[in-house]
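For reference, chains read A, B and C in written order, and residue numbers begin at 1 within each chain.
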Amino acid sequence: MKLRKSLEKGAEGLLLFCALLSTLAVLFITIFLFHRGLPLFRKVPIAEFLFSTDWSPTAASPKYGILSFILGSFYVTALALAFAVPVGLAVGVYLAELAEKKASRAIRSAVEILAGIPSVVYGLFGIAIISAVTRTLFGGTGYSLLSASIVLAIMTLPTIINVTEVSLRAVPHELKEGSLALGATHWQTIYKVLVPTARSGIIAGVVLGMGRAIGETMAVLMVGGNAPIPPSGLTGKVRTLTMNIITDMSYAKDDHLTSLFATGIVLFVFILTLNLVVQLALKRTISSVEGGQGA
Amino acid sequence: MTETIKAESPAAGNGKFDVDGLDLWYGPAQALKGVTMRIAGNSITALIGPSGCGKSTFLRVLDRMNDLIDGIRIEGKVLYDGVDLFGQVDVIELRKKIGMVFQKPNPFPMSIYDNVAYGPRVHGLRARTPAERRRLDELVEKSLANAALLDEVKDRLHKSALGLSGGQQQRLCIARVLAVEPDVLLMDEPTSALDPISTSKIEGLLDELKKSYTIVIVTHNMQQAGRVSDSTGFFLHGELVEYAPTKEIFFNPRDERTENYISGRFG
Amino acid sequence: MPNRSVAREKTAFGIIRFLSVFTVAILALIMGFILYKGLRYSNEVRGTVLPYEEASPDGLSIVVNDREGLESLEFPVLFGMYTDEYINWSKISADEHELLPVAIDPAAPDGAKAERLLFGESGRAGAEWGSSVRFAPDAASALALVRATPGAVAIVPSAALGAAGKGVQTLPLRRMTLAVSEDVVALVDNRSVEDLSDAAIDRLLKGSIANWKELGGPDLAVSILPASPGGMTAPAAAIAQAKGGVARIYASEAQAAGLSTLTRKGVERGWNLSFRYLVEAPRLSGKVGGISTIILNTFFMLILTIAMAAPIGVAAAVYLVEYAKQGPLVRLLRLGTETLAGIPSIIFGLFGFLFFVDILGFGFGLLSGCLTLTLMILPTIVRTSEEALKAVPRSLREGSLALGATKLQTIARVAIPAAAPGILTGLILGIGRAVGETAALIFTMGSDYKLAKGLFSSARALSSHVYLLFAEGISFDRAFSTATVLILIVLAFNFGARRLVGRMGGMK
């Protein structure tokens, strides 16, 4: 009996350790990233790092300014969301409110498959089709802010669609019936009652998508053009924070390498902030909307 | 069906269970208030009362199934064969001796055979040699036979238990309990989810089982209590209002509340 | 008023429907395009020879040791082989064997014919055989040499093939070019004749084009020269002298006479993804060979990753569902899992590089890569397993406990088996994510495309291969065929997960 008890206790301890691993991993990632990246600021003022666009890490007197890449990430993400949010909302509304069983099953599988396509494959598609189309329509090389945003928009669609659908479905049925009973059309009910009620969930989905977009590396790397300069326009080349890390990683040394980890810190802090926002927003959805939160 | 697996305690002359001043709280809510009763061995004791009266809670105390619930507090004394249930008791051994059948049949999603063999297996019965395997086979068949199910399932012992009907599933759950060779059977409304034919089959079974086991059954169904039990306890708002031989409770209740409840139901 | 809102509703729903169909259309476009490009290639090629194949030019045959993927030879390539321009096959066909050009001694009559084929009637005097050419005394010994040497090529009389031709492959030759007189290609006002599509060549030879201006050239009338009697080609001298002259002529003759030739642009199509591509090992950075070792490495990676992530993830879920009591600890664990789920893969790559590769000293290899992937897919597995365990009815656990089973026995024998389909779905989703990952792997797992020999050996997975084929400019076509394999694997996992979910639904 003693043996069994200590066995059970030991097992529980092991299980707890496994459960702690995710949290430990986050802690470790934070510690090591900061430990490795922060020393840069002994040599480069943090303001210069964040607010200068001069990135010449291999020059005789190297300069480490990542403003261009912060802007790049920001523009690419904003533009991607500008494309993806209207489409994602529409599809989410369609799935939650309009679609018949067959249609919704087809669209849902499509969305699931879209979510599963590896980012390098999106990259290849981006080079061969999106770049070619934007080159033909708008000129330039085709490897541009615009192309990168379009590819990212497609990649973030599934997240936005799913969260929109789930949030809309979580709206209590009585609200919808109440609105319809007052003689509102289905569409009026959707945009005056359902979407506003599901707002915080939808916003959480958009922020979640934003996180995915900022963190995406391979696809934008393949279509963004990757020039280390401030983005010059829709058809200009762009380099994001993620691209900066992956491009220079293969040969960077010393301070240059440290600057890449510092770039990682900036990206990491962005993402953590977004995550926190999502979790706060989602918590609010769950407490404000009774039951029904599916996935 | 004849083997008796009970070890008479030295404190013979006492009941199988001796409950003295049992109080139980779920957080701030008191669910049992000063319950005192002696449950005799080799008999069927029925616990009746309206929903939420505490009878199921009481039943679960006897098997210490309430341990699973957070924020529970128990005071008072429960002796099982003269041993304090809340003292230095190995819960696992206790639950092995005291079997429980639940309201809704809960067969595991595995084969009929594996369901019955589950208990013996977790208690260390291995089936490595042919002899051991034969022993397990025999135990499974015996348990199924004692639960009056063997004839219906002997051709499909290795098919999923989820394919059985509700009544068959409940008898399977009884067989599953019998296979660990317990001393006491606790039944929490075992027929409430079943049709009349299955119910009568299980009631008939209880009569048989009584010869070898002590049975405590919680039931909503007054006729059932009257038909199968030797003594009956009536619970109301967490109190044991009246506890007496079944005939007395039904035909000559001493407490007015018991009479109201019973007549209300019969009347 | 109501009419207006009804009309507005109609418009809104129309737009919504359109966008939904649009989303599916995007998916169809992506999948269709990748699969199409993966299965078929179509490349624009530019060259001087026309798509006219001769199996037996001048009664000679060009034979090679079995050469997969090569269906014909262009004259400039053949010429290059015998003049030391090529030293191996890597630029000609998909292998890297050393090239051995074999010819019959030019002193023999058959050898003289081959010399004429290569260097032209008029240029025979200036014949300059390459130093690597091996001369054989007769056709039979040349054929024997080809049979015995993997990288050999020979020019022998077609008549000599017969029985001796077993074990070698005959390649047709493309040697027809369009030669023009000098004034056609002379740069006037910076205009020059454009590269011609097959249709344009057709029209030119039929006489439908009157002036070179129409083809972007100088203002000069087109004059098509007749072929010599009994042949298809015109004499070189006639072409050189005619004003605006153009005619078909063999590349060897044009070369010998120093004639300018027009450039043809054509489209080559063929099968991209073949069985051989799947089962052959890659060579020369993946430019040659297949992807067999990379597929195997990918599977090793997945097995190792899942072997680490599955027990940890399921154990974590078991703790959260079966043991943890609501409180700050659980909130912390949830926060950790959610945060880990949101971290982008490039950060995982950085961390893996720092921690596993560098600090723990595992180096670039399978182990570092798989540990990194494990952390990445852990949240997915934990969350789905949690959901699956929560869905197991409490009554099953009680049934087991009431039989005297311990908590651990109950979890291992009842709860986890009952939750198995849901847990498996989570594992498959995790694998799906791992198989498509690139950014986290490039700086942790390495990029060696050879078969991984152990936990610490650098290994390239499919997704990294797709990226590197593109980024190192090796082959766009091969990137697409690898992407196709990758997508098929992802789809198979996706389909598997869906089947499991379906089964789980049916069980309830």
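Rule of thumb we're sticking to: a contact is a pair of C-beta atoms (placed from the backbone, for glycine too) under 8 Å apart; a residue touches a chain by one contact, two chains touch by 3 or more.
Just so it is clear, the model here is predicted, and its values are computed rather than measured.
Innermost chain of the displayed assembly, by C-alpha centre distance to the whole-protein C-alpha centre, is A.
Ranked by distance of CA centroids from subunit A, the top chain is B. Centroids built from CA atoms put subunit C at 30 Å from subunit A.
As a whole-number value, the distance joining the C-alpha centres of subunit A and subunit B reads 55 Å.
Computed centre separation for the pair subunit B/subunit C is 68 angstrom, with centres defined by C-alpha atoms.
Residues of subunit C found to touch two or more other chains are 406. In subunit B, the residues that touch at least two other chains are 92-93. Shared contact sites, meaning residues of subunit A that touch two or more other chains, fall at 4. Contact residues of subunit C toward subunit A in the complex are 5-6, 8-9, 12-13, 15-17, 19-20, 22-24, 26-31, 33-34, 37, 311-313, 315-316, 318-320, 323-324, 332-333, 335-340, 342-351, 353-355, 359, 375, 378-379, 382, 406-408, 432, 435-439, 442-443, 463, 466-467, 470-471, 476, 479-480, 483, 486-487, 490-491, 493-494, 498.
Against subunit C, in their complex, subunit A makes its touches with residues 4, 7-8, 11-12, 14-16, 18-29, 32-33, 36, 86-87, 90-91, 93-95, 98-99, 103, 106-107, 109-114, 116-125, 127-129, 154, 157, 161, 185-188, 191, 208, 211-212, 214-218, 222, 242, 245-246, 249-250, 260-261, 264, 267-268, 271-272, 274-275, 278-279.
By the touch criterion stated above, subunit B contacts subunit C in their complex at residues 63, 65, 68, 70, 92-96, 99-100, 102, 104, 106-110, 118-119, 121-123, 162, 173, 176-177, 180. Remark: subunit C residues 325, 393, 395-396, 398-406, 409, 413-414, 417-418, 507 touch subunit B in the complex.
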